[in-house]
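Below are two complexes that have subunit A in common, paired first with subunit B and then with subunit C.
And now, the complex of A and B:
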């Protein structure tokens, strides 16, 4: 299975990848993007099976990325991994089409739980 | 003569972001970082020209500055090292390189979640600046004259400890 990890922090991309493996996705192939704009291009060339994206990023944030993907008819599964923790913000993400929203910081259990059934 | 009672049209300003409790910061860092975390609130210091570290402004959705998080150099280095799972070191280089800046900024980003609540305007991190250094005027003003200043001494396992400061108008 191929995951696209989108976050403007290299350290956080490392953590998401590490936690993904701890969550049971040892064999996952991982590609990375540093913001939504870059991710939009990578999705077209790499065709990941699932996207794990931060929310607040320069150039294009996670929600705008999700909306852009859906507008182009790309229905790749999308999960938001974000420091945005309030119910209102989580609802915004789900209304845009996110399969789940995980608040930072998160554990391998949180990620495994969220990915169960969707990836 | 008939008096007309005036009706005030003044609007109460929105409440500022909540100041996080030590236990909240501990819980966040416990999950984010591998080492054992201890967080204790300590007496705030007066800002001095000798401060070294990072400041991350928190802005509301309208772009206005609401609060700021300040990591001293020790907390920036040690939390970054813990996040990157680098070997612990007692030395703290006052210079903050790109990797430390990236990791420490993300630590502050995670902590910023504690400054959002159901009853206060939404805030988010807007950049990360080195101190001393050139700061946006509003950030400089908040750093110099905060209305509320809360400080935490944070111990990160074998990495050592450092200070986190939360500033509010």
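And now, the complex of A and C:
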């Protein structure tokens, strides 16, 4: 299974990747993008099975990335991993088609639960 | 809304555990001046009503970056990224407890003789935790009720660094978002 991890922080991309392995996806292939705009291009070439994206990023944030993907007819599974998740953000993400929103800091159990049945 | 010292310490300790897999121990009220190392500040609220700052010595910044990046010798950008992201995670937790959103990316300053000062806001919580024998300072600043928030800034005087809310002024690769409420 191929994941695309989108986060402007190199440290957080590594943490998400490490936690993904701990969550039982230790054989997953991982590709990375540093913002939504880069992710939008990488999705087309790499065709990941699932996208784990930060919300707050330069150039294009996570919710705009999700909307852009859906507008182009790309329905790759999408989960938001963010430092906060207000009810407003949860609703926005859900309405745009996100499968889940999980907040940092998160554990391998949190990520495994979120991915259960969707990846 | 109100954030207790215990809540600030818990949010900080949880973030430190995510990054380092280590326990962070609260050692008391911090004296955040004359610091050497890395300071990361991130405003929260829309419009901004406060800021969360994290400061640590170079050794802890390097340990953070080395651990999360699985690198033996992280460079300055890696350290700034790791400390900035730690501040981001803590700010997200704090802002959530206070009923606010984080609307910007962290601003990171590295240098000597640094002070944690947020013009236009007052320090309401300043604590020092100990992580692997290194001090980790976390400070919460809030604007007094009725005060315009656009004066809030993270000011590290020795490094001549100043990051005003709502601007895109940035250091160490961090930049402010445009303030869309959806972010």
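A few remarks follow.
Just so it is clear, the second predicted complex is superposed on the first by the 119 of 119 C-alpha atoms of A that agree within 3 Å, B and C clash if a C-alpha of one lies under 4 Å from a C-alpha of the other, contacts with A are read in each partner's own complex, and residues count from 1 in each chain.
Note that contacts are C-beta pairs under 8 Å (C-beta built on N, C-alpha and C of every residue); 3 or more make two chains touch, one makes a residue touch a chain.
What you are looking at is a predicted structure, and each value in this text was computed from that prediction instead of being measured.
Once the two complexes are overlaid on the shared chain, A:63 sits against subunit C while remaining clear of subunit B. When the two structures are aligned on the shared chain, A:85 is found in touch with subunit B and with subunit C. In the superposed model, A:10 makes contact with both subunit B and subunit C.
Of the two partners, subunit B and subunit C, it is C that touches more residues of subunit A. Residue contacts after overlaying the shared chain place A:45 against neither subunit B nor subunit C. The intersection of subunit A residues touching subunit B with those touching subunit C, taken from the two complexes, comprises 9-12, 14-15, 56, 83-86, 88-89, 103-106. The residues of subunit A lying in touch with subunit B in their complex are 9-12, 14-15, 56, 83-89, 103-107. Residues of subunit C touching subunit A in their complex: 14-15, 17-19, 64-65, 68-70, 78, 81-82, 84-85, 88-89, 91-93, 95-96, 101-105, 175, 177, 180-183. On the side of subunit A, the complex with subunit C involves touching residues 8-12, 14-15, 18, 55-58, 61, 63, 82-86, 88-89, 92, 103-106. For subunit B in complex with subunit A, the touching residues are 28-29, 31-32, 80, 83-84, 99, 102-103, 105-106, 109-110, 112-113, 116-118, 122, 124-125.
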